[in-house]
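Below you will find the structure I want to go over with you.
By written order: A, B and C. Residues from 1 in each chain.
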Amino acid sequence: MTTPAAVSVRWRLRQPSVIPGFGLTLGFSLAYLTLIILIPLAGLVWRSASLSGAEFLAILTDPRTLHALKVSFGTAFVAALINVVFGVVVAWAIVRYTFPGRRIVDAIVDLPFALPTAVAGIALAALYAPNGWIGVLLGYAGIKAAFNPTGIVIALVFIGLPFVVRTVQPVMEEIDREVEEAAATLGANRFQTVFRVLLPGLAPAILTGFALAFARGVGEYGSVIFIAGNIPYVSEIAPLLIVVRLEEFNYAAATAIASIMLALAFLMLLVINLIQAWSRRRYSHGA
Amino acid sequence: MDVSVRNIRKEFDRYPALNDVSLDIRSGELIALLGPSGSGKTTLLRLIAGLEQPTLGSIFFGAEDASHKSVQERHVGFVFQHYALFRHMTLADNIAFGLTVRARHERPPKAEIRRRVDELLDMVHLSGLGKRYPNQLSGGQRQRVALARAMAIEPRVLLLDEPFGALDAKVRKELRRWLREFHDRTGHTTVFVTHDQEEALELADRVVVMSQGRIEQVGSSDDVYDRPNSPFVFSFIGDSASLPVTVAEGGIRFQGEAIGIAPGPDDVAVGEGTLFFRPQDVVLVTDPAVPALEGRVATSRRLAGTRIADIDIGTPERPHHVEIEIPLDANAANGAAIRFRPTRWKLFGA
Amino acid sequence: MAHETRRFRSPTTEAPLARYALMALAFLFLALFLILPLAAVFIEAFRKGVGAFLAAFGDPDTLAAIRLTLLVAVIAVPLNLVFGVAAAWAIAKFEFKGKAFLTTLIDLPFSVSPVISGLVYVLLFGSASVLGPWLKSHGIEILFAVPGIVLATIFVTFPFVARELIPLMQEQGTGDEEAALSLGASGWQTFRYVTLPNIRWGLLYGVLLCNARAMGEFGAVSVVSGRIRGLTNTMPLHVEILYNEYNFVAAFAVASLLAGLALVTLVVKTLLELRYGAEIAAGRKH
């Protein structure tokens, strides 16, 4: 006869529930994930482990690799920054203002999500090439926006916008109007209310949006390679370098670069989770 | 600071939330806007604050017409039901906010701001907690911070919108007492909105009873309780019972029968009306020769030192129902016949 | 005593000038970065007239690419649908250790470059890998053939359905299902008659998005496909080939099909929200 105490002390893998299907659904999900993700990733890890430390370092410090990484991370950073500024403006307009076509504008924000990257790639290339519509206009101002990092930034701004807007939007919708009114009763003008009361409250969401847009931008391929020009040491992005190395059958180099990018991707995910945990601790049980 | 509300009308999409409301608030008094939801009390408070604009009418602060002024210019302190504290700021920063957003030439030096913040924290009994964040406090504590924050700007008027509505009963009682003390100490003109009549009657110097966008009565707690001037006020404040009656031959009759009372000097003289009285203002009539209201006990329940009886009164075609207090030794068995008459009442016209 | 309303501004909004400026800024930004590229696709596709546009689809390689894209979608999307529902069920209806790990795993493809998504399969199945020689000896082609493309597509698109369903089902909680079970329904009945109706709009949108991405995936597929014209080219890859051959009209013509699909996805989403917005919101706040 088991005593109740003994049963409850046993370490719980999961809490009991009357709802059926746990084994089935979890089992299937895990199997699927293992097959699709874990095994292939394991292959990558195994492959990069087979490189010695010295080989690894050599690949990494190869000037072309370093440059590709710099281009990828640099352009992603700038693009994410631009998206933060304009993404917040767009989200604000959608959430706080009413105007004809608001729903359409809201839907359009998802376009980069739904549009294939190659399609975006050739469209942007056509627009910003020296003989494209915008390329010509910029040409008059002496600005070149294609076949250089500028073009890459433009493509990444397109790609990353929904990440910022969709992360910030729900938080904006939850803004307590009374907090704004309180600031006004205390004498703050609109500018002070927005910058000292509202935006700081949005900071975690903005940071998260930035991180997501940044992470996405670093790995972006299809929408970039048409407008970038792909000139090594100038506008070659890291994912493209991986493809180049693959076509050279230089699996070691491809693997090494991929490992770095993966490691950095995990780092970004960690940062995002930390931001969210911190903000939950600081701001939850709202005032 | 006196506040004067003159002929205010406020429409939301044509719906009149306030209809020709006028009120004079005396400097230094603690006044309650009391009424059920939809009565317009919160709207009136927000109009005084400048958070909304009246459709018609004006608002005076002292001798100055403040109707055109923005909420920032009116210099009022507003406390919200759900505190509206700035979550990302410490308590000290919250309280100091009103001072730090002032234009440079009006802003006190940092040391002065800090001193005032500490003083206010002491005043609301939260000394030393300046570095905490709102989510680390209880509801009652947060409301005290909200009050301190509003006081920091030395407002002309203090406005509180159902300040204790989000707190549980015990905290509410404590804070009520505390607010009264606070007001007595600081002497600010204070207007607060509540739907809880106990709160209004206990706290306020004067009570403004509102219903459906109009002011029904303004007076002290005793005024509105003992001398209600309308059926609404009578039934809203305290417990009440009411019966349709006619006035004839100098007496008040219920369904044709005399019930042993006659209209007083300020009751309506003849015709139909409604008789209002409180359950505790009745006396049982044992002498069958004396006219009285007659009915049967439907149910009864014990309440502290007395008993409340639910009485069925009237004919089967026009049945009525009142609750009265009866002495513990009276026969309150279900179905028992009972005869009573009110000792204090008010008669309102139909 | 009426007062001018023009001087009054609600404390929760900006001055009209600021408002218009912000709206203009938002519109201009969206027009420049989002709408213009979209418009460019269609304009370039029809630059030489409708005839040239239609001619692009007469090319057998193009048709093969379209067929392959459809085939891949038809396999990948239903599989991902089943996975999405299963994973969302496990995560939303139960409490268990390691849930956070599972959710992170599901979010993985979003943080990983599509090129890397393809690379991992090359490393797994390529000729230089452990499995490579074994596959070759058995005549099984994964890379540079349809199976590889399907796998890579699944990798990149499987989160979509799950990510739509998980928060939705989490918000809906377990109350409805428990009620159904207490009334005697079996697990499958509960799912079919109680859960499914509750999640149908999230499910539909997740499937739409998954499909749009599956048909449009470029980077991952580019690595595993070998780009053999007529055999292992999907539509996005074919667009790239046409573009690099300076066959712009054809490239944009094929691209416009994909862009059209994206537009349909967005329109359906908007319509869903318009017609069922209240229902969706109610379904969320169960």
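Criterion: a residue touches a chain if its C-beta (ideal position, glycine included) is under 8 Å from a C-beta of that chain, and two chains touch if they have at least 3 such contacts.
Model, not experiment: these values are computed from the prediction.
Viewed as a network of touching protein chains, the structure reduces to a complete graph with every chain in contact with every other. Of the two chain pairs examined here, B-C and A-B, it is A-B that is joined by more C-beta pairs in contact.
Inter-chain spacing, taken between the CA centroids of chain A and chain C, is 16 Å. Centre-to-centre separation between chain B and chain C, using Cα means, comes to 57 Å. Look at where the CA atoms of chain A average out and do the same for chain B: the two points lie 54 Å apart. Contact of a single residue of chain B with at least two other chains is seen at positions 51, 70-72. Residue positions of chain A with contacts to 2 or more other chains are 181, 183-185. Among the residues of chain C, those in touch with two or more other chains are 11.
The touching residues of chain C, counted against chain A in their complex, run 11-15, 18-19, 22-23, 25-27, 29-30, 33-38, 40-41, 44, 82-83, 86-87, 89-90, 93-97, 102, 104-116, 119-124, 126, 128-130, 151, 154-155, 158, 174, 177-178, 181-182, 186-187, 190-191, 209, 212-213, 215-219, 222-223, 235-237, 239-240, 243, 248, 251-252, 255, 258-259, 261-262, 265-267, 269-270, 273-274. Interface of chain C with chain B (complex): residues 1-3, 5, 7-11. Listing the residues of chain A that touch chain B in their complex gives 176, 178-179, 181-189, 192, 196-197, 200-201, 203, 282-287. By the touch criterion stated above, chain A contacts chain C in their complex at residues 12-15, 17-22, 24-26, 28-30, 32-33, 36-41, 43-44, 47, 86, 89-90, 92-94, 96-97, 99, 103-127, 133-134, 154, 157-158, 161, 177, 180-181, 183-185, 190, 193-194, 212, 215-216, 218-222, 226, 238-240, 242-243, 246, 249, 251, 254-255, 258, 261-262, 265-266, 268-269, 273.
Of all residues in chain B, only 7, 50-58, 67-68, 70-72 touch chain C in the complex they form.
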